[in-house]
Amino acid sequence: MKIKTENLEMEKKNPLALFYQFRELGLFFFIVILCIGVQLRNPSFLTGENILDMATNTSILVILALGMMIVLITRGIDLSIGAVIALSGMLTAQLVAANPSVNPFLCLLIGTVIGALCGMVIGVLVAKVGLLPIIATLALMNIFRGLTFLVSDGEWVSSYQMSESFVEIATGTFLGLNHLIWIAVLFCLVFFYFLNYTRTGRQIYAVGSNPQSAAVSGIKQGRILFLVYTIMGGLSGLCGVLWVSKFASAQGDTASGYELTVIAACILGGVSIAGGSGKLAGVLLGAILLGILNNALPLLNVSPFWQNGIQGFIILLAVIVNAVVKRRVERTHLLRRAG
Amino acid sequence: MEQKKQTYQPRTLETNLPFSWKRLFFQWEWMLLLILVAVLLLGSYVSPYFLNYPSLRDGTMVFLDKALIVFPMAMIMIMRDIDISVGSTVALSSVVMATLYTSAGLPMEVAIIACLATGAICGLINGLLIVKFKELSAVIVTLGTMILYRGIAYIILEDQAAGGFPEWFGFFGWGYVFGIPFLLIVFAVLAVVFGIVLHKTTFGRKVFAIGNNPTASRFSGIKVDKVKVIVFMLAGLLAAVTAIFLTSRMGSTRPNIATMYELDIIAMAALGGVSTAGGKGRVLGVVIAVFIIGYLQYGLGLINLPSQMFLIIVGALLILSVAIPKLGGMIKRK
Amino acid sequence: MTNEYVLEMRGISKAFPGVKALNDMQFQLKKGEIHALMGENGAGKSTFIKIITGVHQPTEGEMLLLGEKVSFQNPKQAQQQGIAAIYQHVTSYPDLSVAENIFMNHEVRHPVWKTLNWREMHKQARQLLRELGSSLDPKTQMNTLSVAQQQIVEIAKAISTKAKIIIMDEPTAALTARESEELYRITEKLRDEGTSIIFISHRFEDMYRLASRVTVLRDSNYIGTWDVEDISNEKLIVAMVGREINQIFPDKKTSAGETVLDVKNLSKLGEFDDISFSIKSGEILGMTGLVGAGRTEVCQAIFGITAFDKGEILLSGSSIRNKNPQEAMDNGIGYLAEDRLDQGLLVDWSIEKNITLANLTDLSTLTWIHRDKEKRQAKEFGEKVHIKATSIFDSVNSLSGGNQQKVAVAKLLTKDLKVILLDEPTKGVDIGAKAAIYEIVQNLAEAGYAVLFVSSEMPEILGMSDRILVMKEGRIAADFVNRGITQEMILEAAMGEEQVQEKSG
Amino acid sequence: SQGAPESSGASGGGESNDGPKKYAFVFKNTGNPYGEKMLDGFESTIKELGGEVILRSPDQPTAEGQIQIIEQLITQKVDVIAVAGNDPDALEPALKKAKDQGIKVLSVDSAVNAASRDIHVNQANPERIGRVQIEAVSEMIDGEGQIAVLSATSQATNQNTWIEWMKKELEKEDYKDIELVKVAYGDDLRDKSVSETEALLKSYPDLKAIIAPTTVGIAAAGKVLTDKGLEGQIALTGLGLPSEMATYIESGVSPWMYLWNPIDVGKGAAYAAYELGEGNITGELGEKVDLRDLGEVEVVEDGEGTQIMLGDPFKFDETNIDEWKDVY
């Protein structure tokens, strides 16, 4: 076995290796090229203001994508997040409407807790009862959405019912950057640490990579799954509050269908539905690509009727380009292994 | 294994199973049948308009159109894949059909054929992308095409609606044959056909094999890619059929029809006992599940229950029906 | 010390729904001994191991660790008590790095912050691997490794826990002679350091080479424990199989016919290079080499699973290029996959459906499957290879390794083939089943098949083949006619100047 | 996906001819306060008139959903169906079937085509709705500059008609200096409406005003303009809920905007439905319809069909927004 192992080592010594190790290379280049293209068509694209807007509008997506990533890594999926966002957003908004004095941080906390509770329900169904995640979350998506309509009784909570401080959460800035951006950055850092430098973080990968061996090496799978869905729920709940605060309005149909966008961001970023693999950097890129699309398409002043078509086309193109580049890299590996 | 190991002495293998009540009754379909009966009783209890032939008959026309897609969707799920682009495929094929008839002025028959072709091509594209780029999961591919296909529909019709079809076209959505809705007949025929294909033919066997272990299937000489492409094409084709019925029911079409169909369809298949983990599923179960959800919806509609309540009830039903057997199993193991 | 036994198991029984996997098992493990555990497939060895490591809980019986009564509810507890195991079916994390696989769940962490210390883990991992004579990079992703390399990592994993008791369930199954030697060295080193080792294997040489005592299981029953010196090969076989196997390798009465398969300068980038050989009908061509030598790839290229870059394949004179396995089979080439569970069988399916899977077209008209025909064929071929089961409806995962392999063979026989490529057909199969498989292979040859017999076990290569190919680094290093060939000669060819590297490195 | 009875034990019992008549209202979708208010108005009025009320809406604003509901209403043998159509043509077969069974059909707020209704109750004259918004914008930007429209979905028929009228109005000489640069679609989604608005601001730096004839769109636009501190520089008007718009009208981001009172629309619909049900009117041209406290209106023609109109859109500005924001 010396033979193969040795040149495996050589690969790592190769200066290009680091470069190649970043698996979403293709996606990265794709985004760069896309940006250049858009910039040529509308110069106001890469202005500081627009970039900030883009970042602000993408923050929520990023936060959710982080959660979805760990769910997907455990071979799961969560279709209910859109509904959870709506539910926690609505409840928090109603709370604020009832007593405007309530502290914004408390709001964030409450929203997160509501979401986490929703997540725990899923966690129990998946981890303890053993339902397939896609079924459990599909069903709970309906239930949470229905509950949102019930508690709101068809009414919206409007901006005039919301306190300054509450709306501030998502509109205020710190060091010139919108709070949302800071929150997203914070979560990225936390997740990076969590996934790479804590035992639990690695166990999430382990469970997704090979459940059987996770079992024999004494990892409590149930616990991990429960944790993962609770985190996802918590993040959704948090984003519910951010969402409502950002748009200064809570509706029953808030964020309906948003789960697909989040999942798309993850898979674009190279998270495998089959579980076990997924890197934060990739997911970030995936979210950024979608963020760019949402921001750039209106700027391109193409007919609004073309927007969907273009968006779908670009997403497909992105994943395909990424796949092709990956293959190229693999092949160069082989070439060098053959020596 | 009580026989002693006599490797060289020829041993015989039993070729017919002893009859077992357990095997007969411990089947998902019975559970579903019970639920269906419960739904019907409930319906007749809550609404005087529910449990009579015309009502039940016309009830089917309300939900069966999208149910046509559930058969290929079941196959796809059995193969551990998923197709969330079917809703958009319905919209695109419908829009193509309508435009060819109204704008291009082609005869309706041609338009219908074009509609079917469109659907099949959409499915074909899904299938090809999925087998050519294995590293992309079906989810992301069909998610992309979901947006793309509807996008094309928007490009074609923009903010317009297209309609004014010939009289006879209304027959698909509203017509009866011997007092039975044409849609219901088509559904029944498809159910039988897919039942046979999936459970009695080599093709069906291959579908299950792929869902069970793709690698081993390939090593056993099954053309996995070919089978996949065909099944995804079927999904597209059936989406087009649905488009015909839906368009006929609405008498006109728009790019935004059939939104969110995919989730309803997946829910039906799942309730029908098709495992998204692959390898399991029966057409009979799926058919019963379709009627459960359909009639539940219809019955609750007759007592004018809020739509949100309906969302909750279907969600709960889905969870309970899947969870109860599992819980039962857990208790047994205890 | 009060008691001489590190581990003692008394009257252990384990019943799975439907199966009594273990019955009144007795076992004692001394400190610093290597204790072999032997028995046919399905005898209950792995189950017994899993009970020791807390994966399964026994239905009866008690377990004493250093005289203390213990019972493990989960593997974690066993680990904490210093019990580590290498499981039979390699249980690695394909998406994770080697280092991570080694340290999973006992990572090196910062004393205070409890953060993972990657640098330290990589250092230790590299160290461990070097001790195991492998220069694998700890950062390598597991799923790029060969079966053998993964096995090494598993061993490193077990050692890394600094366990008092290490259990190895068929660690050599995927190894060739050379890696086995490495493993022997390690194992003995561990023993001398006072670790007690339970060693499961179907290979007699393993036992004779390592074990001081051997415990035999048969049909989930405890048969007995002997000192290795005191028991003869024959007695041991009788103990395991319950009858004499006077002859393991059938004697050859083959008359090689004309050339059927002719492979010319087959090459694939990074996998194999300039492979040329030919097989006559009725001939058994043995193919061996170090694991990772590329034998599997050659087979798979011929079978049309992977494409090859250069060269051509001639089947009885006419050039063919199989685009997929189906074409290969229609051309009369069959392949018995190396990895039974992943590539060979649909383990959740019945024996019947597995056997007929490759041959559905012949069993159907207009794609409609005739169940009666199907059953008949399944029965016919199932019996032909002596599958040990009650009915053709038994699910494959209820069978033991050997019988699963027989199902896979039976599936091949349903097609009328000229060439059969067997990749490690006896991997992890017990002595009785091995003999059976050898006999089947021999019969195939006599029936006029051209057989390519890939194996890592010298004895069976020497015992079965008419000619022997030795592969090395994706090339053919030697091509012997099997007369007066010795293991040494083959190993020589398989490693070549690499041994020099060894010394220098 | 089914509809919503906000109250009234409408178990649908009793045959149609005996007992109180059954009046059904099918709105576009649930969870839309504008619709809820309309339903409230309809319900209370019908109750006063001694009829039985069934309120239904699909959970998604789709024609398919409404067709299902209409089917079920037919099965329940209701006497009158009032519907705010999600699509003018797609409901035709279903509503025709209803009419064949002797059910009276009227469309409210959002018309269905002439063939499938007896009469349409128009919340306000669409021409006026369109024109008045241009007048407003012109006043806000004193007659010159670039303006853009932020609409709902490209499929929303009401918005599309109004936008048509806006364009017609813009052809007038007085507006020669006003340029309509783009019609954007926010699909009545908060996030999309926001990015569309932001895109407008960037693509057209000289933009003077935004018209958003849809409740979600105008609120989202208001939010963006507020966050970017553009009040005074870019004017915003259109059709919005007082509750949603209160903040932005008070802050001056939107000097004023329009809407009609959905409760009154519901009432009007109820009276019209009642008159139809009682057979007092048939929807013939020139008939007089007594809308009680809403006054008496004449049936006028609308395309091939007929309609009644409930008067001009109502203007909301800082003077009156306070009293309305808690109403709807």
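Chains: A, B, C and D, in written order; residue numbering restarts at 1 for each.
In this text, a residue touches a chain if its C-beta (ideal position, glycine included) is under 8 Å from a C-beta of that chain, and two chains touch if they have at least 3 such contacts.
Chains and their UniProt names: A = Rhamnose transport system permease protein; B = Autoinducer 2 import system permease protein LsrD; C = D-ribose transporter ATP-binding protein.
Predicted model, so just to flag it, every value in this text is computed and none were measured.
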- Task: Considering only mean CA positions as chain centres, point out the chain farthest from chain C.
- Result: D
- Query: If you average the CA atoms of chain B and of chain D, how many Å lie between those two points?
  - Reply: 36
- Geometric centre distance via CA averages, chain B-chain A, whole Å: 30
- chain C to chain D, mean C-alpha position gap in Å, rounds to 73
- Averaging C-alpha coordinates per chain, one finds the centres of chain B and chain C separated by a number of Å equal to 43
- Item | Residue numbers of chain D (touch at least two other chains) | 4, 30-31, 59, 154
- Note on the structure: chain B touches at least 2 other chains through residues 154, 158-159, 260, 306-311
- What are all the touching pairs of chains? A-B, A-C, A-D, B-C, B-D
- Item | Complex interface listing, chain A residues touching chain B | 79, 125, 129-132, 134-136, 138-143, 145-150, 252, 257, 260, 263-264, 267-268, 272-274, 303, 305-313, 315-316, 319-320, 323, 326
- Task: Report the residues of chain B in contact with chain A in the complex, numbered from low to high.
- Result: 82, 84, 129, 133, 135-137, 139-141, 143-152, 154-155, 158-159, 260, 263, 266-267, 270, 275-277, 306-312, 314-316, 318-319, 322-323, 326-327, 330
- Item | chain D-touching residues of chain A, taken from the complex the two chains share | 42, 44-45, 47, 49-50, 53, 57, 145, 149, 152-156, 158-161, 171, 243, 247-249, 251-254, 294-295, 298-299, 301, 304-305
- Query: In their shared complex, at which residues does chain C touch chain A?
  - Reply: 50, 53-55, 74-79, 85, 87, 91-96, 100, 104-105, 107, 109, 114-116, 134-137, 139-140, 144, 146, 148-149, 152, 179, 269-270, 290-292, 473, 498, 501-502
- Please give the residue numbers of chain D that touch chain B in the complex, ascending. 1-5, 10-13, 30-31, 54-60, 62-64, 67-69, 71-72, 75-77, 87-94, 97, 153-155, 160
